[in-house]
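All chains are identified by letter, namely A, B, C and D, in their written order; residue positions are counted from 1 within each chain.
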Amino acid sequence: MGTGLNPSYFIGLSAALFAIGMYGALSKRNIISVLISIELMLCAVNINLVAFNKFLTPDAFLGQIFAIFIITVAAAEVGLGLALIIAISRRRETNNLDDLNWLRW
Amino acid sequence: MVEFALNHAWLVPLLPALAFVIIVFLTQRWKRLSSLVSITAMLGSFVIASIIAYGVFTNHEFIEKSLVYSLKWFGMEGFNINVGVMLDPTSSMMLFMVSLVASLIQIYSTGYMKGDPQYSLFFAYLSLFGASMLGLIISSNLLQLFVMWELVGLCSYLLIGFYTFKVSAREAAKKAFMTTRIGDFGMLLGILFLQIKFGTLDLVELAAAIPMFEQFGVSLGLLTLIALLFFMGPVAKSGQFPLHVWLPDAMEGPTPVSALIHAATMVVAGVYLIGRTLFLYVQVPGAMEVVAAIGAFTALFAAAIAITQREIKRILAYSTVSQLGYMMLALGVGSLSASMFHLWTHAFFKALMFLAAGSVLHALHNKADVWDMGGLIKKMPITGWTFVVGGLAIAGIPPFAGFWSKDEILVVTMEYAKHGHALGYVLFGMAAFTAFLTAFYMWRMIFLTFFGKEKAENHPHESPWSMTAPLIVLAVMASIGGLIGTPWANIWGEWINFGEVHHAEPALGLMLLSVILALAGIGLAYTLYCKDGEKKTARKLAENYQSLYQLSYNKFYIDEVYAWFTQKIVDGTARVTYYFDIYFVDGIVNGIAAVTRGSGKGLRYLQTGSMQTYALVFFLAILVITVVLAFGSPSLASIMGGVK
Amino acid sequence: MENVYELIAFILLGGMVLGSALLVVTLKNLVHSVLSLIVTFIAVAGIFLLLNADFLAAVQVLVYAGGVCIMVVFGVMLIQRSDIAESNPVNWRFGFAALLGGGIFILIGMFAARSQWMIAGTEVPKDTVGTFAPILLTDFVIPFEVAAILLTVALTGALLLVKEVKANGDRS
Amino acid sequence: MTFPILTTTLLAPILAALIIVFLPKENDKLCKSVAAVGTGIALALSLYVYFGYDQSVGGLQWVDFGQPVPWIKDLGVTWYMAVDGLSLPMLLLTNLIGFTAVFASWNVTHRAKELMILLLVLIAGVMGTFIAQDLFIFLLFYEIVVIPIYIMVVIWGSSKRVTKEYAGMKLTIYLLMGSAFLLAGVIALFVNSVNITGIADMSFEGLAQVAFPEQLQIYLFALLLIGFGSLLSMWPFHSWSPDGYAGAPTAVSMIHAGILKKIGGYGLIRLAIVVLPLGARFWAPYMAVLGVIGVAYAAMGALAQKDLKYVVGYSSVSHMGYVLLGLASLGIIGINGAVAAMFAHGVMAALFFSMIGFIYERTHTRWIPDMGGLAHYTPKLAVGFMMAGMASLGLPGLITFIPEFTIFVETFKVFGLLAVIGIAGIIITALYVLRAAANTLFGPARPEFSHIKDLKGPEMVPLIVLGTVLVVGGILPSLLFDMIDSGVAPLLAHINDVLQIGGR
C-alpha cells in the first residue's frame, strides 16, 4: 500500500472522539445528554476496531464483526437506557443526573 | 468357700454398687423395698468380708505377701493402669470393720430416717458410699484408690447436703467438697510424681521400687516433697489441721451419715491411705516427722475446741478430729499397728456415740444444745448406757477398747522419743494432755446430757429397736474390741504391722499414767458439771477466762480466716480477672471492631451516589495507571508495547 | 495520487466528526445536540467507507443516524420539563472532565504516534458482505443468536419499564 | 468395604433437612421427629463404624468407595472420607450431641422448622470436618458450619449482658477470622508442598510426607495455631466463647461447646502438629503457656459469673486450656489425653448446656441469685445438672477424670511447675461448679418455682444418652482410650521420626 494513511491517524481520531465523548459523559447534567455522549465513545471504539481490521487483519474480518456486535448491543442499550430514563424521570420528576444520588451512603 | 471369697473379693464393693443402681432405677418408689435391697447387699458384703477376714487371719502367708489380682483398666505406651484387689491383713480388717459398721448403721437408719420423703435416696447414697469405701480399701492401684477416694468424697458431699432445703447443709456440703479438693490437689501432684518418676502406680510395684528411689533418679528431697504432697490428701480427708474445718460442719448431714462417714469410715481413709503407703514414708524421716507433728497438734487442737462446744454432734465431731490426730501421730512415729488398732476401736466407739447422739436428737426433735438436755438416762436407758460405754472407751478406761489402742499409741510415741527423736517427747506430752482433755470434754457432754436434772420441756422416749439394736452391738464391740491387742497377748500387732514385728513389753507405768489422766478428766467433769447442779464454777471459769473461752468456742477463728481468704482474695481476684476480660481483652476485640466500623463510617462518604463522579475517578485512575506503567518502569513499559 | 485523496477525505471526514462531536457536547439546546450527533454518525460512516467497511457504514447510518437518534429525540420530548433552550447544561465536573479528556487524548495519541505498526500486506476483500456473512453465520453463530435474543429482551424490557404506573404503585 | 458408609452418615442429616423443607410449617412436632430420625440414623451408623473399626490394624479404615475419588485434579482434591482412631471419637461425639441437641430443642416453637433445618446442616457440616481426610474438603465443611450458627444465634438466641446480635456477630467474626488465618496457612502449605514434591496432593496423609523446611514450618504453624486456636478459644482469642454461648440458643451452645471447638483441637493435631512437627516443637512451650493461662484465667473468670451460661462458657475455655496443654506436650500420653479430654468435655458441656436450657425454659432466668431450691421441683433436672457439674470438675468415675489425669501425667513431666498451675485449676473449677450447683439447685424451695415441671418424655433424651456416656466412659475408659491410642500412636511415631531426622 505504502499509503500515508496508517493506523495512527485513525487511532488519533478515535482517541479524540473518545475524549470528547468522555468529556460529555462526565460533565453533562442531562441524562440523555450523558447517554448520547456514551454513544460517541462507542463510536470511537468502532472506528478503532474497523481501522485495525483494515490494516492488521483484513481477511479475518474480526474487527468488523466486533463492530457489528457493538452496534447491536449499543442499539439495545439505547433502547433500554431511554426506557429507564423515562421510568426514572416519571418517578423522580427530574432529569438531572446529580439528583439521582439515592445510592449514596 | 474361703478360696472363693478371697478370689472374688471384688464382690464386696460390687454388691452395694448394684444396690445403688437397683434403688435408683427400679425400687425408688417403694421405700421399704429400697432399704431392704440396700441392707441385704451390705449384709452380703459383710458376710463375704467376714469370710475373707477369716481366710486372711488364718493364713500367716498373708502377713508377708498380700494377695493381689488385677486386670487392665486402660493403657497406652508408657502409662498403664491396672485395677484390682489387694488383700492383706490391714485391708481385710478394714473390709470387715467397714461392712459391719455400715450394715449396723443402715439398720439403724431404717428407724432414724423413717418418714423422710427421700428415704429411698438416702439408702441409695449409703449404698454408693459403701461401694466406694469398700472399693477404696481393696484397691491395688493408687489411681484406682484415688477414684474411690473421690467417690467417697462425692457421697459425703451428697449426704452432708442431704437436707437440700437447709442453707447450712448446702454450705457445709460445699465446704466439705472444697476443702477435700484442696487436699486432693496435693495428693494428685504426689500421684503424678510417683507415676512420672517410678512409672507405675501399682502399690506392690511401688513398694518394691521406692526403697531404691535413687536408682530412679529421685533425690531424698524430692521424695520428701512427694510424700508431703501426697500427705495433703489425708490431711484434708481425715480432718487434720489446717484442713479440718469441714468436718464439724459436716454434722449438718443426717446423724447416721455422721456416724458412718464422718466418724467410722471415710475420715479414716486418710489414715488408711498413709498406712497403705507407709513404704514411702519410712524412706523419708522428714515427712514422717511432719505427719506425727500434724497428728499430735490436731489431736490437741481439736480437743481444746471440743471442751467449749455446745452442740452434741459438734463435740463428737471435734472429738473425731482429735482421735484422727492420734492415728496420724501413731503413723508418724512409724507404727502401723497402733494406728490401725486405734482406727479399729475408734470406729466402734465413735459410731456408737454418734448413733446414740442421733437417738437423743431423734427423741428431742433435733434439739442439739447439750445445755438444754439433762437426765435423759432415765427415759432412754439403752441409749444412755451405751453412750456411757462409748465414753469410757474413748476416755481410755480399761478394759474398754479405747484404752488399749490409746495406750499403744502412747507407748510407740514414747519409744520413738527414746530412739533419739527429741520431738518425740513433745509429741508424747501433747498426746498425754489430749488424753486428759478427751476424758474431760467427753464426760462433760455425758454428764450434761444424761445426768443431772431433767428438763421439763423435753419429752424424751426410747428409740425403736431398729435403732437400739445396732447400739448394743456396737457397745459390745466397743467394750471388748480392744482385747485382741493387749500388750500381754498382742494378736493384733502380730498380724497388722509394717516392717519387723516387735513385741513391746507391757509398759505398766504408761498404762497407769493413761488411766490416771482419764480418771482426772472424768473427775474434773464430774465436779464441774454433775455434782454442781447449777454449774456455777463452770460458768465462773468461762467468765474469768473470757478470751480463752471465746477463742476455743469460736474454733480459733480458723473458719473466719478461710472465709475472709475466699471472699476477699479468691473472689476479688476472680472479679479483677473478669473485669480485665470484659474491659481489656474484650476491649481490644471491640476496639478492633470499632476501628473497622469507624473507618467504614469515614469511607462511606466517598460513596457519593453520583455515577459521574465514579466515572471521573475511574478514568482518572486509568490515566494514572497507564502513565505509571508506561513511564514509570521500563520493564512494564515494554509490556505496554511501543514505548521504547 | 489516490493516497492524497484518501488523506483529504480523511481530514474532511475527521474534521466533521470532531467538529460535530464537539457541538454535541457544547450546544446548549439538547435537540441541537442530537441533530449534530446525526452529523457525527454520518461522518463516522464516511470514515468506515474510507476503511473499506461499506456494510458497516450502511448499518451505522441506518441504526445510529436513523434509529437511535430518532429514539433519543423522542426521549427528549418525553422527559423534558423545563426550557428546551437551556436543556443541556454542564455540571461542576466539566473542568476536570475536560482536563481528563485532554490527558487521555494526548496519552493515546502519543502511543499511537510512536507505535510501529505491522501492517498486513493484503487488502480488504471487495465483497465485504459476501465475505463476512458466512463467518458471522458459522464461527460467530452463537454470539449472533445471543445478540438476537438480547435485542428481543431489550425490546420487551423497555416496554415493561415504560408502561404506565398506576396510582397505587402496582404495574398494570 | 466399598459401600460409602461415611458419606451415608454425612447425608443422613442432610436428607432429613431436605424432607423437612417440604413439611408444613405448623406441624413442628413432625419436623422435630424427622430431625430426630435423621440424626438417630447418623448416630447408629457412627456407633456401627466405631465398634466395627479394627483397632489392631489401625490407620484409616472405612474408606468410602474403597479409595479417594478424584474431584479437582489440578489441586489434588479428592473426596476422601475415612476414619481412624482420631476421627472416630469425634465423629461419635458429633452424632451423640447432634442427636441430643434435637431433643434439647424439643420445646422450641418459634420457627421450629427452620431451626431444625439449620441444625441438621450444622451437624452435617461438623461431621464432614471430622471424616474428611482431604484438607480442602475439611476447610469446605468448616466454612459450611459458620453460616447456620450466625442465623441461629440471631433468630433463636437470647440477649443478656450483650445482645444476641452482638453475640452472633462476635462468634461469626471470630470463626471467620480464624478461618482466614487458616486459609492463608493452608494455601502456603499447599503451594510449598507442590514446589517441593511437584505433586498436587491435598490429603492429610500426602501433606504429612512432605519435608517442609524448618523456618517455613515455624511460620506456617503460627498461622495454623492462631486459626485453630481461636476456634479452640485459646487465650487471648477466647472472648467470643462466653458471650457467644450466652447469646446462643441451647442447641447451638451444645453443638458449639461440644463439638465445634473440638475442630480446633482436631485440626491442631491432624494438620498442624502432624504436618509441621518442627514448627510444633518450636511453638510447643508457647502453646503450653497459653494453655495454662487459659486454664487459670478462665477459671477465675467463671468464678465471678452470675449467669449460668457464662459460668459454663468460661469453664469451657478453661477446659480447652487443658487440651492445649496436652497437645503442647507433643507426647503420646499427653495427646491421647487431649483427644480424650475433647471427647469428654464435649459430652459434659452438651449435657450442661441442655440442662441450663431446660432450666431457662422453665424459670425464664439464668441469673444464679434468682434461683435456688430447684432440686425440690425438678429432681431429674437436678441429677442431670449435678452430673454435668461433677464431670466438669473432673470427678473420678465420670468420663472427664481419666483424660485430665492423662494430660497431667505428660505435661507435669514435660513442663513441670507450669503444669502445676494448670492442675491447680481443678480447685477453682470445683469452687465455681459447686457454687453454681448449690445456689441453683439447693437451698430453700422457692414458691415462685412451684409450678415448674420436671423433665419428661423427649426431654429426658439428653440426660439419658449423655449421662450414660459420662458414666460408661468413666468406668470403662479403655473404650475410648484404646481407640484414640490406635489413632494417635502412628501419628506420633511419624512425628518422632521427623523430629529425629530433621532435628538438630
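Criterion: a residue touches a chain if its C-beta (ideal position, glycine included) is under 8 Å from a C-beta of that chain, and two chains touch if they have at least 3 such contacts.
From a predicted model like this one, the values you see are computed outputs, not experimental measurements.
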Pair of chains joined by more contacts [C-beta pairs], B-D or A-B: B-D
Most central chain, Cα average position: D
Distance between chain centroids, defined by C-alpha means - chain A, chain B (Å): 92
Centre distance in Å when chain B and chain D are each reduced to the mean of their C-alpha atoms: 35
Geometric centre distance via CA averages, chain D-chain C, whole Å: 64
Chain B and chain C, separation of their C-alpha mean positions in angstrom: 98
Residues of chain A whose C-beta touches two or more other chains: 22, 26-27, 97-98
Residues of chain D touching at least two other chains: none
Set of chain B residues in contact with two or more other chains: 612, 616, 619
Touching chain combinations (by label order): A-B, A-C, B-C, B-D
Chain D partner contacts - residues on chain B that touch it in the complex: 72-79, 143, 146-151, 154, 161, 164-167, 169-171, 173-174, 177-178, 181-182, 184-185, 188-189, 192-193, 195-196, 570-571, 573-575, 577-578, 581, 585-586, 588-589, 593
Residues of chain D touching chain B in the complex: 170, 173, 236, 238-240, 243, 297, 300-305, 332-333, 336, 373, 375-376, 390, 393, 395-397, 401-402, 405-406, 408-409, 412-413, 420, 423-424, 426-428, 430-431, 434-435, 438, 441-445, 477-478, 481-482, 485, 489
Chain A contact footprint on chain C (complex, rising order): 2-4, 6-7, 10, 14, 17-18, 21-22, 24-25, 30, 33-34, 37, 40-41, 44, 47-48, 51-53, 55-56, 59-60, 63-64, 67-68, 71-72, 74-76, 78-81, 87-91, 93-94, 96-98, 100-102, 104-105, 108-109, 112-113, 115, 117-125, 128, 131-132, 135-136, 140, 143, 147, 150-151, 153-155, 157-159, 161-162, 165
Footprint of chain B on chain A - complex, ascending: 22, 25-27, 34, 97-98, 100-105
Complex interface listing, chain B residues touching chain A: 604-605, 607-612, 615-616, 619
